[in-house]
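Note that subunit A is present in both complexes that follow, paired respectively with subunit B and with subunit C.
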Partner chain A sequence: MQFFGGSEISPSPPVPTATGNNAHMMYVFNRNGVCLLYREWNRPLHTLNPQQDHKLMFGLLFSLKSLTAKMDPTNAEKGNLGIPQLPGLGCSFHSFRTNTYKLSFMETPSGIKFILVTNPRTGDLRETLKYIYNLYVEYVAKNPLYTPGTLIRCELFNTALDQYVRSIA
Partner chain B sequence: MGREVSESCIDSLLTVMVSTYCNRFYANKPELAARRIEAIGYQVGHQLSERYTMERPRFSDHLEAIKFICKDFWFELFKKQIDNLKTNHRGTFVLQDNCFCWLTRMSIDQSPENGTSEELSIMADNKVMQSMHLYFPCGIIRGALSNLGIPCAVSADISNLPACSFVIRIKA
Partner chain C sequence: MAAIYSLYIINKSGGLIFYKDYGSKGRMDTNDSLRVASLWHSMHAISQQLSPINGCSGIELLEADTFDLHCFQSLTGTKFFVVCETGTQHMEALLKVIYELYTDYVLKNPFYEMEMPIRCELFDINLTQVVQKDRVALLGR
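Then we have the complex of A and B:
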């Protein structure tokens, strides 16, 4: 009998390119599902068009949050089925990992969701996402020229974000 | 001495003030909005200069007063001094601040890819909004100087963000 080693079945993840950042892409959604920012650094495979991609991503997160809250074994009270929870209530999931990528998620009390997709060997990115949230507050929320709820098009935020993402291991 | 206020509070208050005056009160009259904002700055500068010159002797000449603005006054307001002062010795002074704190977070929208006429007009609007935010500090400087007995006209120039130059022209 032949034994198939695990490494031969799953393809190894792509090595981060020299020019690109360590992250593949990033999404920022507000509480209404509007995609405020989509930044792509290293994404060879595009399956859907941008609108469908954003809707799928938002829907996925909504369902995942709901699922993790309902399946929480440590919560004493019965979860209220079907009622959307306020951000931060119940348990919150923060990442999932596949053989080719890792998706990290953070939701702020104001309903802003940050999603960062990186290579699967990345560690816990909660501090990274918190730092990115700080960048958001500094350069977007405090930008006098930015209207909340619209697409983020602030040079300073984009530059700072690119620089920071390049430095995460 | 004196009470303190959080910087984020002031930043947000100024942002809302400029946008309210520009978009609601004087919606299609940017000159009126600018003059109103500058007048508010004038009042503020007038009162602040009173407070910050409390224990000082009178200034001997215009240059001393301008140096007070550059060093002590700016330090009280923004925790830093003016980085560069130039004059032509004939009543015109240029105060340059290399990192003006109310402008550090302002960034214009990135240039549009297709450059449609509406997006270009949005960019022009953004430039106008950027300059609107400068009327308040100009008013502060003008109010402070006029309280020290120096009538003048102040304008600002933001050709390279986040550095900002204030041009003071003293009325003869």
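Then we have the complex of A and C:
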């Protein structure tokens, strides 16, 4: 299984931040760790180059899912740490918060992972991520010119996404 | 029904120095708790690398489907984290109280070696009292 995708750097033309836009950036990964989309709206600090950043993000999420599945206090029967969890199997997390950002996560049954990084005061973004998944289905999955597993280059998706994210309170 | 499911304390290098389970079905054996603690330590550090803004001090709250995890990091790098039911309030205050107990009964104990597993009876006794009081306050019984 090819775990990390090819060497292309995902293009992310910076969108001018409108006032009221409190989302920092967004990632979309598929089940193999290929970064399908990276949108950046407001990111003053870049610690790593884009590929390393994507890999680190995917690795963090993979490990956190493994951790939550293991730490689940309501489930006595658990596997070992490090076993890749199938989408939907085991307790998964939906967000974490630090003092500078909040990361909201959603995994679809097909293994597509949506990650939205916003300011720490944001509320529960699960519905937002579900809406973004619907945008993905409409503009990307149903696009006959899109090959699954590759970078998303659908202008309509990008526009709809930017518009929607700008409207998040 | 517990206010918190479990408490972990990890030293600045990521090693587990204290683990107490308050009645979850997911009670872990020693090896697993050690692994989970080291994993959390690494995740905490990685989350700082991915911050879009300067000055990130790591994960403070992790919300999962069936539990929440609240983490408090002291200025010296010692991390205290609790696994509790989703939506439990005032965990930050509880963590600060536990930190105070740690400084009083562990750090001020002349026989305690730094970074080693905590084996201080008074710490255990007072911790149980605090958690019990918290449980009573939360559940009203």
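The definition used in the following text is that the second predicted complex is superposed on the first by the 146 of 169 C-alpha atoms of A that agree within 3 Å, B and C clash if a C-alpha of one lies under 4 Å from a C-alpha of the other, contacts with A are read in each partner's own complex, and residues count from 1 in each chain.
The working rule: contacts are C-beta pairs under 8 Å (C-beta built on N, C-alpha and C of every residue); 3 or more make two chains touch, one makes a residue touch a chain.
These numbers come from a predicted model, not from an experiment.
Peer 1: Put the two structures on top of each other at subunit A: do subunit B and subunit C fit, or clash?
Peer 2: Aligned through their shared chain, the two binders fit side by side on subunit A.
Peer 1: For A:100, is the partner it touches subunit B (first), subunit C (second), both, or none of the two (neither)?
Peer 2: So A:100 only meets subunit C here.
Peer 1: Where does A:92 make contact in the superposed view: on subunit B (first), on subunit C (second), on both, or on neither?
Peer 2: second
Peer 1: In the overlay, answer first, second, both or neither for which of subunit B and subunit C A:73 touches.
Peer 2: It touches subunit C, and subunit B stays clear.
Peer 1: Which of the two partners, first being subunit B and second being subunit C, lies in contact with A:43: first, second, both, or neither?
Peer 2: Touch partner of A:43: subunit C, not subunit B.
Peer 1: Please tell me which partner, subunit B or subunit C, touches more residues of subunit A.
Peer 2: Looking at subunit B versus subunit C, the one contacting more residues of subunit A is C.
Peer 1: Determine, under the contact definition given at the top, whether A:143 touches first (subunit B), second (subunit C), both, or neither.
Peer 2: first
Peer 1: Applying the document's definition of touch, where does A:108 land relative to subunit B and subunit C: first, second, both, or neither?
Peer 2: neither
Peer 1: Examine A:53 and indicate which partner it touches, taking first as subunit B and second as subunit C; both and neither are also allowed.
Peer 2: A:53: touches subunit C, not subunit B.
Peer 1: In whole Å, what is the nearest CA distance you get between subunit B and subunit C after the fit?
Peer 2: The answer is 25 Å, the least C-alpha separation in the overlay.
Peer 1: Just which bits of subunit A does subunit B share with subunit C as contact spots?
Peer 2: Shared contact residues on subunit A (touching subunit B in one complex, subunit C in the other): none at all.
Peer 1: Please name which positions on subunit A make contact with subunit B in the complex.
Peer 2: Within the complex, subunit A touches subunit B at residues 138-139, 142-145, 153-158.
Peer 1: Under the touch definition given earlier, write down the residues of subunit C that touch subunit A in their complex.
Peer 2: Within the complex, subunit C contacts subunit A at residues 5-6, 24-26, 28, 32, 35-36, 39-40, 42-43, 46-67, 69, 83.
Peer 1: Per the contact definition, I'd like the list of subunit A residues that touch subunit C in the complex.
Peer 2: Of all residues in subunit A, those touching subunit C are 24-25, 42-45, 47-48, 53, 56-57, 59-60, 63-64, 66-68, 70-76, 78, 81, 91-101, 103, 117.
Peer 1: Which residues of subunit B touch subunit A once you look at their complex with the stated criterion?
Peer 2: The touching residues are 8, 11-12, 14-15, 18-19, 105-110, 126, 129-130, 133.
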